[in-house]
Every structure is written in C-alpha cells, then in structure tokens.
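Consider the two complexes below, in which chain A is the common component and chain B and chain C are the respective partners.
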Partner chain A sequence: MVDLGLFTQIVINGLLLGGIYVTIGVGFSLAFGVLEVVDFAVGEYVMVGAFMGAVLAPLFGAEGVFAIPIVLVVFFGVGALIQPLIHHVTTGDRPHPLLMGLVFTFGLATFLRGSVLTIFGPNNQDVPSSLLTGGVTVPGVGTFPVVRTVTAVFGVTALLVFMYYLYRTRGGMAIRAIAEDRTNARLMGININRYQSIAYGAYAALTGSAGVFIGMIFTANPGMGLQYTAFAFFMVVLAGMGYLPGVILAGIVLGLTQSFTAVYISGNLVLLVLFAIIYVVLLVSPAGILGKGEWAT
Partner chain B sequence: MSGPVPSLDRLPGEPRYWYAGLAVLLVAWPLLFGAFWARIGLGALMWIGLAQSWNMIGGYAGYLDFGHGAYFGIGAFAAAVAMAQFGYPFLVGFGLAILVSTVVAYLVAVPTLRLTGAYFAIATWAFAESIKQAALVTGITGGTFGLSLPRSPETFIGVPVPFEIAETFFYYAMLVLCLATMALTYYLFERHEFGYRVKALRDDQDAAESLGIDTTRVKRQVYVLSCVVAAVFGSVHAWYIVYVHPNDVLAPIITDRMVIMALLGGLGTLTGPIAGGLLVFLLERLSSVFLGSTTFYLPLIGILIMVTVLFAPSGIIGILRGEVDRDDVRKNVKELGEKFDLL
Partner chain C sequence: MTRKHGDRRTFLKGVGGAATAVGLAGCAGLGGGSERDFFKLGAVTSLSGDLRFGGGVTQRGYDLWADTINREQGGIEIDGETYEVEIEYADAQSNPSAGADAASQMINDGADAVLGPYSSNVTLAVCPIMEQNSMPHITGSAESPQIWQEGYEYSFGTIPTVSIIGNEATSALLNLDPQPDSVYVTAVNEPFSVATGESMRAAAEEAGITVENYEEFPRDTDYTNVVSAAQDADPDLHLHGGHIGSHVNLVNAAEQLGYNPDGFLMHYGVNTGSYKDGAGAQGPYTFGATVWIPSVDRSGGALFDSPQAYADASEAAYGSAPDYTQAGSTAAGVVFQEAFKELGSAPPLTQDDKDELIGILEEIEVNTFYGDVAFETEGEYFHNNINTQTLLIQLGEDGSPSIVGPEEAATDEANYPVPAWDER
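== the complex of A and B ==
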C-alpha cells in the first residue's frame, strides 16, 4: 500500500531538487551551444563549489550561504580564463577538434578531482549552514525543508536572471549570435573571445554556486563530481539536444527520479535507473522526450 | 613537420637487433629480476594491453568509451563466479569471460553507438557505473563481500599442472596476452582492410557510408572486439589478485587510466599505448613510492593531458616521430595568446 503522505513528500523533495539540477543543465547546454564543446568538467565544478563552501563557511561563522557570492565571482573569473584554452583546442588545424575538446575537459576534470582528493583526502566534508535548517510544514501536503526550498528558489532566480541577460540585452544577443554561427558573429564585429568567456564564466559560476547548495543538502566529497556530470548529460539527452525548455522538464524528471528511486528502490541504484531511462529514450525517441531537440548523435 | 626526412633504406637491418634484444629481455625478465620485478612487469604489461584495447574503440574508431573498465570488471567477475561459485577451472572462467563480455558488449552497443562524442562517452560511463551498482547488490557476485578465487595447481585446466601458479606464471600469461593484443591490433588496424574501414568512419562517417561501408556494423565489431580484449585481461587479473570486489575491479579509475595512457601516448597508433602505458604506470608507482601520496599523480596527469592536447595533439609518439616540433609549439602559443584578448 502506497503511503500518500510519504508519496507527496517524495514529490516535494524531488521537485525542489530538480530546481537546482535545472540550473546546472541550462548552463551546461548553453556552454555547449556557444563553444560547441560538451564539458566533462561540469560535475567537477559542482564538486569544487561544494568544497569552496566547506572551506569558506568556517570563515563566516559556519554559514555556507555567505560563501555563495565569493564562489560566483571566483568561478566566473576562472571560467572566463579557461574558455580561451577550450576555444583554442577546438579550432585551428588539428585533427578531430571536437574529440580534442572533449579530451581537454576530461583532463581538466581529472586535474580538479585529483587536486581536491590530494589536498582534502577522500572523506566527506560538511558545508555547514545555521540559517538554512529545519523545515516548514504545510498541513495536508508535507514538509518543505528550508535548505532545499532556498536552493530551488536560488536555482529558478539564477535561471531567470540568466535568461533575461540572454534574451533582453545586447551582450546576450551577442552570445546567441555566436551560438548560431561563430564566423558570422565575428564578421558582425562581435568580440567572440569576450562573449564566449562571459558565457562560459556565467555557466561556471552558476554550476559552482549550485555546488555549494548541493554540498549543504548532501555533503562535499571529491568523488561526487562524476555523478553530476552524468546528471547533466542525462538532462540534455532527455531534453533533446539544444532544446532549452526541455532541459527544465528534464531537470524536474531527474529530481523526481532520484528521490523516488532512493525511497522505493535503493539510493545506490539511482544511476542504474537513469541508465535504463537513457537506454529506452535513445531507442524510442532519440530527439528527447518531447521530440523537439536535434537527434542525439 | 620539418627537419630531415629519415631515409628509408636505413630502416630495415639495424632495428632488428633491438627487437631481438627486447624479446630476450621480456622473456628473461622474471628469471633475471625475481618476483617483485615480475609483479611490476606484469602490471605494466596488463596496463599496456588494456590501453591498447581502449585505443581500438577510442583511438582508431574515435568513440571515447568512458565505460571500458566495466568489461575489465565483467571479465574478472566471470572468472571469479565460474571458479568460486561453481568450482570450475580457470580456463572455463576465461571462456565465460569472453562469452559474457561479447553478449553484454553487443547489447550495449546497439543503443549507445547511436550516439557520438560526449554523449557516447557519458552513456558508456553511466553503463559502467550501473554495472558496478548492480554487482554490489547481486548475490552471485558476492555483493559487498566480493569473491575469493582458488589458486592451486589443479585450478588451471582441471588437472594438476607441473608448475607453480605464482608471479612468474602470471607474468608470462600477461606477456602472451599483451603481445597477442599488439599483434591483433597491428594486423587488424594497420594491415587489414578492416582498419581502413574503421579509420574512414572515424574521419567522416557520411563519406564512409557513401563508399558502401556499413558503419553501424563496423562500429559494433570494433566495440565488441575492444571490450572482449579488456575482459580477457580482467579474467587473468582476477585470478592473479585472488580476490575480486566491485569497488576494486569495477572502479572508474580503471577506465580513466586506460584513456589517459592511450591519449598521452598518441590516439590511433600502435605504439602510442605502449609509450603512454609505461609512462603513466611508472609515474603512478613512483609517485606513491617517492612522494608518499597515492593520488598526487592524478592532478599531474590532468595537467599532462591538457598540455598534450593544447600543444602536441598527437601525443608522445607524435613528438618522437617529429610531427610536432618547436615551431609548432611556438605557433600554438602565439595563437593561444590571441584568444586571451577578452576586453
């Protein structure tokens, strides 16, 4: 017999978790659109963000929330400086540029993971937060844990700000132009180096700060990155390549899948379930669940 | 590319002494240096073989398989289940490893080879991770307890063999497997028509199709072949270490190592995985011996990969062959500097 109270609670947790995954997924697919590189380091940005939260929180009286602005600035700067390297690897007269881009971000991911593992060791680190504890109980519905709710609100807000920049400003127009056709954008007088760096920096900042929240909800561990890389790819495959509204839906599906699997099957089998879903989606509907993306190739 | 072109008429003749010397050294290695160095040697041989198996799908076919380690683990568990759960000799486990990995690789190949690039990479990675999770909860694999393999003289072929099954035996087993892998790669990918089909689909899939190559079929063949080779090494490794656990033989680091070795050495070359395999294997051993850190080699390798891709995309072999020289690097640095014009 399905416990209805538990069921709605799982739905709440899943939806709130989905909010933060959407942030990662949207940034990730934008980086893909602009740089044409699928970033293997996405999960490691989440991981490094979580560790920055763990390191910075004690400086602010054990409050991880105050680490967010620093993480945003640092990640934006670092991302802006990594972008030219990726751009260089994927252009020029080298064989298999796209493969090389992938391999470069794989090296970056190995570097980040290895560095954190060497410095902090393999153990879990807490990202403490005293502001975001407890939960608000809505009678008849369930409990909204404060940390997950704030996380989801942050995710949605960041997403809206990002969308506003992308669709309502000149800079955003430049970025969309680059995503459409890099050469033509350059001919129109756009400094493609600058706007690619802004796009990649914004993506890194979004992902890193999502990492701080994920660290507060769960914990920070040097090995956690791979899982979020898989999540990002999962969302994009599910959404259909290059279809942004699909990413939002896919993020929510991911959050729900994770919390349902954890409760009704086993927390250790989440990836098995995700792989099964990807397997079926690829066989049945290669253009994503909504069928509106490009074919997954 | 610049510098003097090596004259062709000097090539035969001299190197043969090298090959002969190398062959003698490889065969005499455990007899000359004892059990400790036999262990080091067999580790290096196994990793070179595994790097080559990854190179088949990743280098020659251009499909970055980030779940290749799963087949190493599948091979290890096939041998372990046959020997520990059913009491069969190792040879049966070896056969089972080939059979199971063929079937699994084919079933995975059908949907995932529809993807390319990163999507293929991540789908195979998710597959490997789910295999690990499955192995941890299934009864037949021993779950979280792992499995212990018997290693007495009669467990090889069913009747007692007149030699000891220890380091020296496993050294020669790995040597035979590694050389067989090299020979197979050389024949199939460098000499046979099959290799040209594979390289054609890597360089341009549409063009390959238009020439009448059944790319789907060729891709599946390469994938299954490379996975079976990894499983074969896995089955011998399981018997060598005597105890298998999902967290050891199915760890993602196994795939990472294979990728890194093939990449640093040079993708899609016969000798690349040998050079890269030796370098990474020794780097890892040296880092744990001299720096006292078993993880410090990871950031080093990460940097090595990034620098290689930025300045010498054809790997160590490319540098040795003179495909990348100082002028290329200088040009690369200049072009890279221009891309930092951000303001």
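== the complex of A and C ==
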C-alpha cells in the first residue's frame, strides 16, 4: 500500500530537483545550440558561482540571494571574454572543431577547479540565506522547500526569458540564424562574434547564478562540479541537443526518476536507472525525448 | 667542420657524463643507499581527489609528529646518536589503485616504514602491498573493520575500528534521557560508511530499540528523498554513516523539509572545520563520535604532554584545531618513534630490522596525548588499537564540540532533544 503523503512529497522533491537541473541545462543547451560547443566547464561554472555566493553572502548580512545579481554580471562579463577564445580554437583550419572545443573547455574546467582548491582549500563552504530557509507545508500535499522552489522558478523563468529573446527579438533571430548557418549569417551582415559572446555570456551568467542557488541548497565544494557537468550532459541528451523547450521535460524526467528510484526501489540504483534511461534514449530517439533536437552523433 | 664534430662529441660526452652522475645521485637519494643518517618514512595519503580534505588532515598529523620530534629532540635517539625523521609523501589520489601504486613507490624508494592513507578504501588496497613486501605500516586514520579482519601481519592502526566507535557512540546516545523508542539509520555506500551505519544499527538493536529502516545510497544522492522517507517513518533519532559532505547535505535537506527528530548522530567528522563551515546554521546540536578532542582528560606522555598541548602545537603550526584523525596520525608517528628506539637499529633499517619491528609493535604499549596505544594480537581486531575510549560529542551553538557521553567521560550535559529547526 503506497503512503499517499510520502508519494506526493516524492513528486514534489522530484519536480524541484528537476528545477535545479533546468537552471543548469538551459544555459548548456543554449551554448550547444548556438555555439556548437560541448562545454565541459559547465559544472565548474556552477562550482565557482557557489563559491562566489559563499564569499559575497557575508558582505550582504549573510544573505546569498543578494549575491546573485553580482554573479550574473561578473559571469556574463567573463563568459563574453572567454567566448572569443573558444571561437578561436573551434574555427579556422583546425581539425575536429568539436573535439578542440571539448579539450579547451576541459582545460578551463581543470584550471577553475584547481584555482578554487588552491584559494579556498578542500573544505565545504556554506552559502547562507535567511530569506530562503525552511519549507512551506501545504496540508494534504506536502512541503515545498523554499530555496528549492525559488531555484526551480528561477530556472523556468530563465528558460522562458531565453525563449522570448530567441523567438521574439531581432537579436534572438540573429542568434538563431548563426545557429542555422554561420556563413550565411555573416553574409547577411550579422556580427557573429558579438552575438556569440552575448550567448556564451548569458549561458555563463545563468550557470554561475545557478551555482549560488545550488550552494544555498547544498554547499560549496571544489569537487562538486563534475556531478553537474554529468547532469548537464544528461539534460541535453534527453532534451534533444540544442532544443531549449525540451529542457523542462528533461529536468522533470531526471528529477522524478531520481526521486522515485531512491525511495521506492533503492537509493543505490539511482545512477544505474538514470544511465539506463540515457542509453535507451540515445538508442531509440537520438534527437531527445521529443525528437526535436539535433541528432546525437 | 672537424672542430664542430669535436665540439659535438665533447658536448655529448659532457651531457652523458652529467646524466650518469645525476642518475647515480638520484639512485642513491631515492633508493636510500646503504648509508643514511635519518629515518625515512613513506606516507601514502590522498593529496588530491574527493578525499583530499581527509588526506590533508592525516598529512598535518604526520608532519606535526616529524617536525616536533626533529625540533624538540633532534630526532630519534639510537645508542646515543640522534637521527632525524623525514617523511616522503605519495599521492593516493583518493583512489585505491593509485594508493596501491603510491605504496609500491614508497617501498621502492627505500622507506624504513610507512604511514598509512586516509580512508578505508585506500587502506584496503595498500595493506596487501605492505604484506607482500614485509613493510611495517601504521595507519592513523582508517576505521573499517574489514582491514583488521584480514589479519595483515605488517599493518597496524591507531584509531579503533568504526564498528566499535559507531556502536559505543550510539549506545551513549541511546542512554540519554528521554530514551528513544526508534531510530532511522542511513549510510553512504562505501566501506567505511556502511560499517558505520551497520554498527549504529547493531547498537540500536542490542538496546532493544526499533530500527525503522536501514538504507544505503550513493554519495551524490539527493537527500530530500532520504529525508522524506525518514520523515514518513517519524523516528526519535536519525543515525548516519558517511563523510562530511553527506552530513552537510543531510542536515540541509532536513532543515528544508522540516524534519525534526530528537537528534542527528553522524560519523565521521562533525567536529571538523569542513562540517562547521559547510553546514553553517544547520551545524549546531549535531551529535558525533570521536575518540579524541583537545578537552578530553588524558595524561599525555611521549612527545606531547597533554591533549591540549598537542592542540596548541597544531594551532601554532597550522592555525587550525586538530580532530581525532589528525591526532591518531600523529600518534602513529609517536608509536613508530618508540618502536624504533626499542629496536635500537640505526637507519636505514634492514629487512631483519623491519621483521623485528613487527614483533616490537605487537608488544608495545605507548602512553601518548591521544591515549594509551596497544595493538590487538588476535581476533577480529588484529593489530588495531581498540584501547582508546569512544566519546559522544555534540556541537554547541558556536560549532565547538563538547563531550556529552558516555556518562563516565562526559564533561557537559547534552542539549537533548535538540531544538526544532524553526526554534533555533
């Protein structure tokens, strides 16, 4: 007999966990769709964002939420500066541009992880928040942890904003044109470097601020990045490579699968089940669950 | 042209000669040679990877021993001569196979003895290498009972196995008033943490207390699901075996979901800076298990006069308070120091010396700041020091630990049941 109270709580946990993945998956999917870069540094952006939250929060009365606008701006700037370097190593006469991008971002990830480890040491760091504490209990439904709920709302809102920008503005049209055909976009007079920098900066900003939220939910640790890199890959495979609307569905599938497996099957089998799903999707529907992404090759 | 050839020949000869000289010098240095005026200890620990925090703790423990004995006593005295101690580190990379390679490297480099790794996983890979090469090895931080059940002749450990620490700390907690009726036990799926969780469960069952559930899960799991399942069972106490990151995630999820048992007991490391910094406002009131803290009443002895003297030395050297892993690591060095003295052989040690050292270690009783150290010579705890008393500790509001059990060792009253999250 399934305990209804526990069942609904597991649904809530799964959806909100999916919301956390959405905040990471949106930017990652955007970067792949527009720049055709599989960014291995995504998890390290999360980690650095979390550490920035830990450093900045005490300056704002131990409130990590107020660090987010600063992290957004700083990461946008850094992302806009890094993008030309990625563009440089993935274009021109270089063979295997996708591989070059992977190698470059892998190096970047190693550099970021090593730098944080050197500066802060291996200890966990709390990202405090007095605004986003505790949970809101809805009788008959379950408890909604405030910080996780706000994170999920942030992720979904960011997705909607990106989609509005991409499909309802001239800048978005330019970015889609670049994603479609870089050469023709250039011939149409689009400043490719500028829009690619905007896209990568936006991705970095979103991922870094997701890191602050994740730091508030869990903690900041120099070794946390790899886990989120893996989940970002899971997200884009399930969503369909570069297909933004699929990110929400991918987040929900990942979150619910993780929660239900942990509680009703075995916590030990969570990763096995997740990998099984990824393999099945890759075999049966390489363009993602909705079949609308680029083929995973 | 001729001159040029001549120059090239001279150059090649020079380079060849220099390379040979460097190579020979390197062999002499690394291999230890037949003449050496210092004791050379190899230390295998995790200086990178997930376990680097604990690896750093053990490194501080080993270094503090070596630095102190070299500075205060000029080294180890053998027949009126003093021989300094040098420790050479090899990175286990938080990985058992890398740990085994690192252990082999230490042996090939001519170590007189080896100080062991952080974590049971890596230690389980290192012990067979020590056995195959007849190399004396004391670990200052591994706690899994599996290590001692194997009956390795050349491996010893200063920290009691977690099946004792977890069991005794849980028993002390279960004796607090009001006595709990039920517990919920969770553990991260790795040897040390599983052994911890199982020892906690065993203690509860021995006390006749209902174990609502025992659940294992991977390290990077999302703890809201663990907490929701536990919350549904509504236990009086939550007992958890894992490392610091898992403790932090567990209490954070408990706070977010309003899960309020009368207390959380978690092992390992609630009195470390990493737990205090990582758990933040959720850290206070957590119960933990240890065998040593600076305020414990122990007599001191070889090298450090008291637990507090050791803590002061650590503060002075590293600016951080030591935990029991660091203390146990230093104690491992102190035990080697006393055993070397008893052996009475100058470095480098021969294989016969090393074999004789094992007999000395089996018989030795050393009074240290950490407690009295003596190793079991038979049974399931073979070569483990199980004499050091387990302490139940609780973190105060400022994150500092107090001894709250067992009754005969307690220095403070437990704050129990702990306040609910929204009452803190």
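In this section, the second predicted complex is superposed on the first by the 275 of 297 C-alpha atoms of A that agree within 3 Å, B and C clash if a C-alpha of one lies under 4 Å from a C-alpha of the other, contacts with A are read in each partner's own complex, and residues count from 1 in each chain.
One rule holds for everything that comes next: contacts are C-beta pairs under 8 Å (C-beta built on N, C-alpha and C of every residue); 3 or more make two chains touch, one makes a residue touch a chain.
The structure presented is a predicted model; accordingly, all values stated were derived computationally and were not measured.
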{"item": "Clash-or-fit label for the pair chain B, chain C on chain A", "value": "clash"}
{"item": "Partner chain in contact with A:Asn268 - chain B first, chain C second, else both or neither", "value": "both"}
{"item": "Touched partner set for A:Leu6, first chain B, second chain C, both or neither", "value": "second"}
{"item": "First, second, both or neither for A:Ala177, with chain B first and chain C second", "value": "neither"}
{"item": "Chain B versus chain C as contact partner of A:Val146, first or second or both or neither", "value": "second"}
{"item": "Residue contacts with chain A in the superposition, chain B compared against chain C", "value": "B"}
{"item": "Chain B versus chain C as contact partner of A:Leu159, first or second or both or neither", "value": "neither"}
{"item": "Offending stretch of chain C which, after superposing on A, collides with chain B (from 60-68, 96-104 or 312-320)", "value": "96-104"}
{"item": "Footprint overlap on chain A, comparing chain B with chain C", "value": "117, 266, 268, 271"}
{"item": "In the complex, chain B residues that touch chain A", "value": "62, 64, 111-112, 114-119, 121-123, 125-127, 129-130, 133-134, 136-137, 202, 252, 256, 259-260, 263, 267, 293, 295-306, 308-310, 313-314, 332, 335-336, 339-343"}
{"item": "Contacting residues of chain A [partner chain C, same complex]", "value": "3, 5-6, 9-10, 13, 16-17, 117, 121-126, 128, 133-135, 137, 143, 145-148, 217-221, 223, 227, 258-259, 262-263, 266-268, 270-271"}
{"item": "Complex contacts: residues of chain C adjacent to chain A", "value": "49-50, 52-53, 56, 189, 215-218, 220-222, 224-226, 228-229, 231-232, 244-245, 248-249, 252-253, 255-258, 273-275, 277-281, 421-422"}
{"item": "Contact set on chain A toward chain B in their complex", "value": "38, 40, 80-81, 84-85, 87-89, 92, 94-96, 98-100, 102-104, 106-115, 117-118, 191, 193-194, 197, 226, 229-230, 233-234, 236-237, 266, 268-269, 271-272, 274-276, 278-279, 282-283, 286, 296-297"}
